[in-house]
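Next up: the structures, one after another.
Here chain A shows up in two complexes: once beside chain B, once beside chain C.
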Partner chain A sequence: MANKITVTFGSQHIAIPEPVSFVFETENEIITKVDVDVGYVHRGIEQAAVTKFKYTNVHYLLARVCGFCSITHAGAYVHAVEKLIGVETTKKIDYLRTLVVELDRIHSHLLANGHVAEVCGYENLFMQTVKYRESCMKLLEDITGNRVQYDYYTIGGVSRDLTTEIEKSIKNTLNELRKNTIKLMEFFETDYTLGLKTRNIGKITTDFAKKMNCVGPIARASGLKTDARAEFDFLPYEELGYKTQLRSEGDVWARNMVRFDEVLNSIEICLNVVDGLDEGDVKVKVRGKPKGETFIRVEAPRGECFYYLKGNGTNIMERVRIRVPTYANVPVLRELFVGSKYSDAQAIVLSFDPCLSCTAR
Partner chain B sequence: MLKMFSESFKNLFSKPETVLYPFEPSPEPKNYRGVIFYNEELCIFCDKCEDICPPGSILFEVVDVESNKKEYNYNPYLCIYCGACVEACPKADEGCLTQEKDRMPALAGSGEQVYKNEKLGYFINRTKSAKNLDFQWREIENKTKESREKLAQHKALKRKQKQEALKAKKASSE
Partner chain C sequence: MINPDLIMKEESIDSVKDSIRKWYNQDKHHYVTVNAIDNGETLTLDWIFSEYETKNKIYVFRVENVGYNTQIPTMTDFLSCAWVSEWDLADMFDLNIENAHRGMFLQPDAPKAPLRKESYSGK
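After this line comes the complex of A and B, so read on.
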């Protein structure tokens, strides 16, 4: 006999690091109906950006939308404003920006994979992953001056240059990190128990991913070729050895493996940046004020991030609209829960790597 | 599976990765973005740092309207340590505004005491107690606003007087 129980998952739950609420209706452990609420951390940042801040320092505000992709939000805004004003950056500036963006992606992906291992019962593997990730965080702290809020992007340049000492440490650390990542990949790939919790669970087919407009590693794990880094030229990815990473399985395991593949690719990009860095200034002169409207799409660690800006030639922007990757992935998450076991829900949520402070803003 | 098991076993006997912070030092890295230091002697009072500061933690209060004398007020507990002011400062190379790698000590648990340093500007050095620091800062904000209005009025008055003097001169010469 079917036994119907309503189970709440969030807004505060030991598995989810951020406030999102799911209300499951379950029938003998199988989920039949889902309700989602994502608006717990709304802070009114979009409104603040068009009322309280001048266009010259909105990116310091937007960097505080999210701790993980702070560089993505600041970067997207700066790229869009530069498009409006008509600033052309030099090769060196583009390279330095790429370096920090990719390092950010590396540490975000490693933590996401570690979290999946943690909710599957592998506290040990989580600790190991975070231990390796720490080297990347230290590198970012050395380059930008802070662990979380990099504030590296400025309109028309970056805030500081690399020294030869840091260049050396980047090379050493990343070579070490590459070895460690391959080691972690082996654990994820070969471990039997972890496989039971991740393989063939939360499966998304390519057609379904296409239909629900998935973005980021979730889409790429289902074999859907979508990546803003390949489609748009906001940063010179092609010449730095970027390759789209695809997997066809579409389950929790494939999402983890795509993230690992991307970490390895990002390490390569970072090493290429350090090798190909020119001499020169890290800033160009900026004249004029943003006028007109534009949009930009950049690749955040979690997927495609969309920015729409409208300026009217004054110091304050008229409109700043953000659409973040997690918001695009929530519908498919909801569909995915129906029919899966309640015990798999934690691994499915964390394989999506949801960022709710981005989503609610 | 065996590999993971052996790795876990190794980790049992390896050194901990964490730092025992209060007992061991955990120094800031070389390029850490910490507190902002100010040197009044080098300042040209262009107000560029005040304009760019995102949370508004730098304020120049006009003390004397006649000579346009300004006082630098900085609230390190409102600052987000982005370093935008140092980038905007035209005299930053000479050391007017610099970003040090030190952190401000926490307010909580310090009782009435506030850490004071000459280079932190007037606001922190004039506060007597750590309580209601945000309230005291709001007072500074209001004062600054008022003083700016006064300065604008004074300037407008002077301009008027100048024009009148010019007119009088013209009239007398004709």
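After this line comes the complex of A and C, so read on.
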């Protein structure tokens, strides 16, 4: 006879430092039904963006949508406003923006993979990953002045230039980080026990990824070739050596490996930025107020982040709509649980690198 | 500066579901979200898509002048992931979307329909 148990996962759970609640109905520890609630941290950011802030300050608010991809939110908004006002930025500004966006991706991906290792029982591997990630956080602090909320994007430019010392430090740190990332990859690739916890677990086929409109590393780990960096010209990725990273296995392991692949590609992009930087100013003049509407896609560490902006020619925006990557991946996550063992739920959730702070906004 | 290649299709609330269903190709089109813009007394609804491996393409199915109480069709019969964006709009604008559950994005004690203009403009 089936042993039916209902198990709640969250809203406070040791595996996820963010409030999300899954209610699993299980039969003999196999999940048969899932209910999800993500709305514990709704902060009214979309409303605040059109009521409490001038358009020149909204990106500082939007950076607070998320700690990990703060640069993506600020960036998406700034790109959209620049489109509405008609601002053309210089190559140097685009390169500096790309640098910080990609460094942000590196530290976010390393933490995500470390978290998966941790819930699989590898605490030391988590600590090792976070130690390597710290070098990237230090770089971000040196470049932007902040560790988390960089506030680096400004309308028409970036907040500060690189010094020669920082350029040197970027090269040294990233070359070292590349070696360490390859070490971590080898461990994920070859460790037998970690393989038992991650391979063939939470598998998404390419067709299912398309059906559920997955985004980001979740889609690419399932062989679905989609990345806003390739599909939308928000920064000069092609000339900086961007390559779409794909895996076909679609399981927890593949999602980790795609992130490692992307870390290596992002390191290459950052080094190309430093080598290709021009002399010149880091800001251009901005005149006018946003009028009209625009649709923007950018690639956050967790996947495609979409912004809709409508301006009415005043200092206050008419509408700011944010569609974040975790929000887009919640439907597939819910489907994926069904048929999985309850004991795999943590690794599956963490392999999605979920951000509920983004989702609830 | 980004220049999205925007393809906007004007629809009515009665025709939008069929139009999207006929046009949508799972292998080619990527569903981004459904968006609402409050114009004061009516809404504009946009169903937004992009295209895989194609630069800068954005497709928008737009329905203007949607009343707050109008029944809005769900796309979940052929876009099974659309429920999350539909439930979001149902919470944020207090809209009548077919089969949408309330309370996933807003807790029961949260202010109702925070993105309706009347909830923050004092009108």
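We take it that the second predicted complex is superposed on the first by the 361 of 361 C-alpha atoms of A that agree within 3 Å, B and C clash if a C-alpha of one lies under 4 Å from a C-alpha of the other, contacts with A are read in each partner's own complex, and residues count from 1 in each chain.
Heads up, the rule we're going with is that a contact is a pair of C-beta atoms (placed from the backbone, for glycine too) under 8 Å apart; a residue touches a chain by one contact, two chains touch by 3 or more.
For clarity, every value in this text was computed on a predicted model and none was experimentally measured.
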Clash or fit (per the criteria above) of chain B with chain C on chain A: fit
Touched partner set for A:Ser108, first chain B, second chain C, both or neither: neither
Touched partner set for A:Thr129, first chain B, second chain C, both or neither: neither
Touching partner for A:Thr326 - first (chain B), second (chain C), both, neither: neither
First (chain B), second (chain C), both or neither touched by A:Ser222: neither
Chain A residues touched by each partner, larger count belonging to chain B or chain C: C
Which superposed partner A:Glu88 touches (first chain B, second chain C, both, neither): second
Which of chain B and chain C A:Gln149 touches, first, second, both or neither: first
Superposition-derived angle with apex at the Cα centre of chain A and sides reaching chain B and chain C, degrees in steps of 10: 90
Per-pair minimum CA distance [chain C against chain B, superposed on A] in Å: 19
Interface residues of chain A shared between complexes with chain B and chain C: none
Residues of chain A touching chain B in the complex: 53-54, 56-57, 60-61, 64, 124-125, 127-128, 131, 134, 138, 141-146, 149, 151, 154, 159-160, 186-187, 190-193
Touch list for chain C against partner chain A, complex: 1-4, 6, 26-27, 30-33, 35, 37-38, 46, 48, 50-58, 60, 79-81, 83-85, 88, 91-92, 103-107, 110, 114-115, 119-120
For the chain B and chain A complex, residues of the former touching the latter: 1, 3-4, 7-8, 11, 17, 29-33, 51-54, 80-84, 87
Interfacial residue positions of chain A with respect to chain C in the complex: 36-40, 42, 44, 46-47, 50-51, 79-80, 82-83, 86-89, 210-213, 224-226, 230-234, 294-297, 304, 306, 308, 310, 318-319, 321, 323, 327-328, 330-332, 360
